[in-house]
């Protein structure tokens, strides 16, 4: 049976996580499915994730706590997402990761099923410059899975594919985006979608001939942008709260 | 003259049917035209369908009852849809079907007029893995129809083309989606549209080279997803009610 | 100086015209520019058109009356659209036309600048089956116009190009849609836009190989649909009024 | 230390600048980033620009004053945009410019990274007829910038690339649009986005064969349109205020 965590998560972290759910839904990155989690700020061996529900409707009372085996600490009758192993296995092997988004981001999905790399088309996609790996579930789960990351083995394989990248694509499924904070993961989730849309359009307009950011430009832009996340965050949060009424 | 049904349809079924009309309109699957029906839960020889009106405006008082010859049981001056034969003929020959959606789903229509198959591009489109037949009205109605399924002969031919598939395309017109419940038909209607949009985009991005879900993945994913429909349903319903004021 | 008209236009016609302005703006056919008119129902030598303003904001008090030379009957300080000659010249030579829409309908504009014909991709575009002519202003106005139909000569040339068709494209500008009622013109305006969007997508998906409605299907579908316009009209009107607050 | 300006900016200019921020955000030209400025109407050596924040949230109290070296006159603890040098260097060398928009306009970005020219596809894009230069930051900043115009040297180089054109694209970043008034800059910003969307679509539909406005048509259309800006402005402003609640 799981032991209690080392303390209560901060109210600010819970607030950011609830906002993240609503922002990502409002911006079209999450639909009725998908989820976003945060590593517990008092206990790095725990993480916070909503109960199994549509992200747009999440409130603070829906946030559950899990250990790194994806055991629920405080279920109280609440049902957990089948794919919580995405989160636990990434937190287990990537200590710098503080937040994880799993989505069916619509402009991104096509990049996961064809041999075209997702690359930084503009400065706001700079974080993609380190490369975006694609996870093929058949390599570890065989030819007859239901495509879900529904156990620790699949989660560990995905975490390994992700490596130190901020984004990995899941073939025929969606993607995973991580950040050093909830806000950074949200920022990256939104601009992964925007970058995918712009890249797809540019590749068509230019018949495949596109000038992408080079490695140094991408790295420098990513560093600059990570310091500016508060600016769109205030807007996204205001919009998400307005929509929630 | 039609005989009374074996009992009143349950209030929950009527509620789901009204919600289905508004959800499918809100998600852009239905426009001012199109319709959704449910088989009567007390009498499998009857079905429920709104009077001839825009789906987004349907209320419980607009729901009419029909027999499997598309005769109205309780018209009370209300006008029936010209294409109600889509519903009656499908219910007649497919006993497992409990709900039918007919739409002009915008991303789907192109697939009905070119020789490209609609196939599962991601897990949420898994139910498409059994194949999506295309109904050519010229084969049964000749070269000069108004494209509508306006009688039992055309309806029966469409029901035959559909077979045991969850979706059939109508060339130059739209599509038909069926489910084992109203909620499943709504889920499939929405994700048929989403899958079509993603597939079209992926085919262009990959110059026709796309890794689709294989047959087993599609089947397994479809089974998993059918057990998760309550999650997006709550969201869609909340949004549809909010829009209705 | 213009003489008085043969009577006041009916309140219902004015109401439909105001609704038409707001509906076409709400559905994205009209932007801040464009306009819609109705032939006077008491005097076929007159027509009604808003003062020069954004269609989304039009109220009954903004509707002006014009004769078929585009002279204002009741200006009272209100400014007329520069392009009112589109309307007057069409009403002059096409007695069956009761309403005219001029728009910069976004999916339609590309069809006016390339050699690809706008054709009925689905039954709701059936009215396009008689053919959609393209007006080239250079043929009558020379190589240095400002592209606007700003006088009777240009208006008459456009009316001639239109002929008995329901839609004509204006190269590098937009389109003109006519109807036998305000509601029919609105219906056709909206489904010209939808058909263009679907056709463009289908041509790409099918690499130019598309099964369009044949001439007889298009004609039969157009006749059926013209009898069903009340259905979407109620929805569009409800939405437009809700947006206006 | 900067000296005081020659007088207070007019209330109407401030109002237009606040409206411009909200309009461009509402129309999708600006996202959480980007900015719009106005030259001070009492002192051509000064300009007005919001503090570093999302444009959709800007109020009159957020507007700061800068000199042409991008020094803040009245910071009072407010943080300035990193890229204010875009504005100062354009105002310095282009005396006719009264307003500047910098955006990540989504349909425009692809044109900045492929070799396809942005050209007037319809009359409302006529102002693009003089040509749209592309600024390559590598030419002046080298191969390892963060893509931002973060100093006077980069700003001056961009202002030189812009020349007397109304629009310049920034490779891998976005664009700059200028006007002889705030309203003209907003008009051009919105129709640069619309024109890009239509041109991209037309190039695909026509396999690269498109009839653009010729030079004289573009010039004449641009002159006509500049006199009609009040019409959409009233609409955009009404919408932007309604959204702000």
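Structural remarks
Order of writing sets the labels: A, B, C and D. Residues in every chain begin at 1.
Definition applied: a contact is a pair of C-beta atoms (placed from the backbone, for glycine too) under 8 Å apart; a residue touches a chain by one contact, two chains touch by 3 or more.
All values derive from a computational prediction rather than experimental measurement.
Rounded to a multiple of 5, the Cα-based rotation taking chain A onto chain B is 90 degrees. Of all residue numbers used where chain C meets chain D, under half belong to both copies. The two sides are thus made of different residues.
Chain geometry summary: the mean Cα position of chain A and that of chain D are 33 Å apart. Our note on geometry: chain B versus chain D, Cα centroid distance of 46 Å, whole angstroms.
Residues of chain C found to touch two or more other chains are 204. Put simply, chain D touches chain C in their complex at residues 120-124, 126, 194, 197-198, 201-202, 204-206, 209-214, 216-217, 220-221, 223-224, 228, 231-236, 238, 242.
By the touch criterion stated above, chain A contacts chain B in their complex at residues 31-33, 52-54, 56-57, 82, 104, 106-107, 109-111, 113-116, 143-148, 171-174, 200, 203-204, 245.
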